[in-house]
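You will see chain A twice below: alongside chain B first, and alongside chain C after that.
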Partner chain A sequence: MPIHEKSLIRPENLVTHDHLVIDGMDVSGHWSTFIEGRSITDYNENLQEEIAALPGGENIHRCWQCGSCTNACTVNAINPEFNPRYWIYLIRLGMEDELLRDKDIIWQCVSCNKCTYACPRDVAPEGVMKATAHWLELKGHTPKSPSTIFDEGFSAQVFQRGKIEDGLVLRNFLQDTGQPLRQPWLETMILGLIRRFPVFYLIRLGLSTVFRPKTRGWGRARAAINEYVHEVEATNRKALGLDAKGAE
Partner chain B sequence: MTKPVLIIGGGPAGLSAAHALASAGRKAVLVEKEAILGGAPILSGYAKLVPSHEWAKDAIGGMVNRVVSNPSVDVKVNSTVQAFTGTPGNFVATLKDGSTVEAETAILATGFTHFDPINKPEWGFGTYPDVVTTTMVEQMISSGKGVRCPSDGRVPDRVAILLCAGSRDRQIGREWCSKICCTVSANLAMEIREMSPKTNVYIYYMDIRTFGLYEGEYYWGSQENFKVKYVKARIAEVTSNGSRLLVKGEDTLVKRPISIPFDMVVHAVGMDPNVDNMTISAVFGVDLNRWGYIGKQTTYAHLAETSRPGVFTCGAASGPETIDDSIAQGHAAAMAAMNFAGMAVRAAAE
Partner chain C sequence: MADGDYKKVAYYPGCALEGSGHAYNASTKAVGKELGLDLVEIENWNCCGAMEVKNIDPKIQTYLSARNLSITEEMGFDTVMAPCNGCYHNLKKAEYDLSHDDASVEVNDRLSKKAGHKTYEPGKVETIHALDWIKKAVGEDEIRRRVKNSLNGIRVANYYGCMYTRPRHIFPEKDKGPGSESTAKPHFMDDILAAAGAQNVDFPLKTACCGGAHSLSDSDTSTKLVLNILTTAEACGADVIATECPTCHTGLEMHQIRAEKVLGRKTNVKILYFTQLLGMALGLSPNRVAVQENFSDARPLLKEKGLA
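Take a look at the complex of A and B:
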């Protein structure tokens, strides 16, 4: 039977045979359109545990699906597809395929934390969104988001020297996200700075780009931070059943 | 010399009424149809009770002991009332063995009957051995054998508890909420998770009614401390894929049909009116309410009155009830019976 309302059905559930003859009847093409079942046939019980093992996801098992988070959500107000309540449910019950359908929306959380204050059970949905985005990255389902790339570049400088150099942060970010270094807004900003800043500041800024600022006696702190970061990364990857260091 | 109060039923409500009367210096005759006292918690082998977590045999056993050892209470087990005649203050009850009991008033503490899930055949009870009831799980725990699939004795990886089995279902003529099953199921789910941490427990619900203070300890507690999962779905049918049970329904929160394999399915059975209620109604001349429980006359003036003056009721005889509220109502019925007798004496004196 031809299906006129195909838009209601997920494309992958529509099956059509280009050449099919049943009992001598040629039903090739759209005459042989079938709809695959859409039942959920199992729960992946590891999913909740994996998200709960990542920072921010610890309280996901408390959720009772009241929808306060989605109702409070800044992003949901703009994009109704952004629905933390729904994703928490999918994770809790282990509906991984359904979750992955929304992998390109989940990371859009802006961390305003309105959900955190609305949640009657202290699930901390913002943390769950963060943990879920992290999970998607670690599992290789999504590339690193621009904000993750920024955070990593920023943190790397802090870990290295205890201080950042703004110019380098910006340059690395543009490079790592494949953007040209010459941005009209950037040029305008720099020209503005040169025009308005006292000469003393400009000299310091200029020197910083050559002799990068460093916190005195940072060596021990750097070693401790690097050790801790490495440890947390290893724990997270282990919780997700990944190799000590692999996907990256 | 005053006549005793006749109490029918030796469960929590009847035991409570008997104790209250004896404590007030009155005599009571307690008639129980089974061979032992204690009612459903004892006869059905309940495990730990809500909300105290005491074992039923200890908690209700204590109530039985203090009644049995009380000289003011005459306990008659293996007995039923065949006929009940007379007027308030001068009732005469004829028991199964032909003996008679003269009584001033009577209290019907005749309780309920567990819903028999064979009346909900699409949920697989009676067809698949691993489909059981909350009562059967209580017995698995109280017997010390642990929660195991009846078919082969294995510890289940996954258990589904289906709420509202025999409750809130017009299809099978049961429109009431049985009040206790949500809390009992949450309690059982926690006990299962505690005994067997590898067993995942899912509760399929329409609403969760862990009312009052049970919310925190049972509903929240089962999720927060034991990771019990709640799915808003009324199950359509329970079938089998040959090796495991298949639970089918609609997960309303994702608007998708589900067909999930389980090792064990538990019906959270509700509280039917006592199967003997038609007989009780005829023998004692009391009206039943539209659902088949013993009808109460008023709600606020006299908690325990039936349609027949001098005959009172308490506990699950008049509708689904918790154990602690049944005990409170037993006291209330005892008080009502004593008030009633006192009023008759004062009327005679005037």
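Take a look at the complex of A and C:
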């Protein structure tokens, strides 16, 4: 099996003998360093198909590994471990275990679409990142990420009333992720605003927490969307070979 | 349709402009009124799906945006103006998906029928951004004539963000040579503010990402990304970063404060919507364009520059 990536040469794959003499030649210590032979047998041959079945992952098969996505990536610039090209490579080969080593950062894609803009093969790597993060959660490899918790809270408001209210989105998210409502930066922001006392703005904000913004006559749209969401959830789970409900 | 004069268009403010981005709403309307442009708000609009609903399922986002386009058409308009980059992006994306993806068409049709309104068909409504609106309906020459209070001496870094230019394929009218907007180096905001007297600095991060999608869910990443934008703008000599998106704007303001609290990095560059700068150049008072609602307090700077 060839070495797939330089990054696969990890400390645990290196072997060094403290005392080793071969044919009278002392090769103790780093003279005897070699990379352990590896044969990979645990491919998940359905991995690419599974990712492609989730929204956003459809075009993953087109990738020819040019690396434009990683080169353009906003998150890669602040965390070199964040490497969309490499993850697409692992998914296409079915190297699930290697992919899972990075499972806790894949959700951090900020959807800036620089990758999709740069991609010469229309893979839409941004969508692949979202599909992969979704796959990790559905398979139970990761808990729901803060991003997913935010998306779900936000979408629930949209589906329920047709519109969102900023304050409620913020409050629900902090509560759902177990963070205190009193964040130092938030207090500074609010205090600064109150000091300038934009009366009508503050009244507007106050009123919107009581009379939540909503779209009139939204009832039928709500029912239609909710029905469709259940359908999508079932389809996604079925594509990954999971039973109808309960991921964990 | 594309040759329309945009003097009277349907207006889609979106959720952010009714909440945290209210200053953008107020200043956009005030500028429109001052320039004699007519904005007619879409009746009973709904959220476009922002950056969140697509992660539940992209086709619901397409439906949500298409519903707004359908109402625009019913109201007899062939153009809708959305000042928010997110709304603008999503309406454009819906237009693209409904012309290229059969599955999106099918889901949109099904949900529209069940919701009891007309199914939107692509090609009926053109979506434009507030920048297109000012640029095409008024233009630089007219702005130059109408400036009462030049922004002379204010150094501006024009910040366009992600959703205004990416991905390229949903903006077929861009990158069409002279007169059209560029996705790599957008310039509509530069053109408008230059006409209003501002001194645009050479800012390399015009379309960098502020981490807006994860502003709350991955705050540390967003703070780093925003701090990079703020310090670069300052290094370029900017007094002000001009914005055209409520998510970017709020993100820059929030993480400017957060960078100071968490990373101990203080930056002084002020953040204003381009409509606020344009409005003041046209002679509107800072209060009229809701400068007092911004978290980043630009009033001392405006006073110094003779705008307040």
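Annotations for the structure displayed:
Here is the rule we go by: the second predicted complex is superposed on the first by the 194 of 248 C-alpha atoms of A that agree within 3 Å, B and C clash if a C-alpha of one lies under 4 Å from a C-alpha of the other, contacts with A are read in each partner's own complex, and residues count from 1 in each chain.
In the analysis below, contacts are C-beta pairs under 8 Å (C-beta built on N, C-alpha and C of every residue); 3 or more make two chains touch, one makes a residue touch a chain.
All values reported here derive from a predicted model rather than from experimental measurement.
Partners chain B and chain C, once the complexes are superposed on chain A, both fit on it without clashing. In the superposed model, A:218 makes contact with chain C only, not with chain B.
After overlaying the two complexes on the shared chain, residue contacts for A:143 are found with neither chain B nor chain C. Of the two partner chains, chain B is the only one touched by A:40; chain C is not. Touch criterion not met for A:29: it reaches neither chain B nor chain C. Legend: residue contacts after superposition of the two complexes on their common chain; A:206 is shown touching neither chain B nor chain C. In the superposition on chain A, contact of A:80 is made with neither chain B nor chain C. The wider contact with chain A, measured as residues touched, comes from C rather than the other of chain B and chain C. Of the two partner chains, chain B is the only one that A:62 touches; chain C does not reach it. Using the contact criterion defined above for the overlaid structures, shared-chain residue A:152 touches chain C, although it does not reach chain B.
Nearest C-alpha atoms belonging to chain B and chain C sit 18 Å apart in the superposition, given in whole angstrom.
Within chain A, no residue touches chain B in one complex and chain C in the other.
Residue ranges on chain A touching chain B, taken from their complex, read 37-43, 45, 48, 61-62, 64-65, 86, 89-90, 92-93, 95, 98, 121. For chain B in complex with chain A, the touching residues are 200, 202, 219-220, 223-224, 227, 229-232, 251, 253-254, 256-261.
Remark: chain C residues 15-16, 18-20, 22-23, 44-47, 49-60, 63-64, 67, 107, 110-111, 114-116, 162-163, 165-168, 183, 208-209, 211-214, 216-218, 221-222, 224-225, 253-254, 257-258, 261-262, 290, 292-293, 295, 297 touch chain A in the complex.
By the touch criterion given at the top, residues 55-56, 74-75, 78, 108, 110-114, 116-117, 124, 127, 130, 134, 145-152, 154-155, 158, 162-167, 170, 173-174, 177, 184-185, 188-189, 192-193, 196-198, 201, 204-205, 208, 213, 215-218, 220-221, 223-225, 227-229, 232 of chain A touch chain C in their complex.
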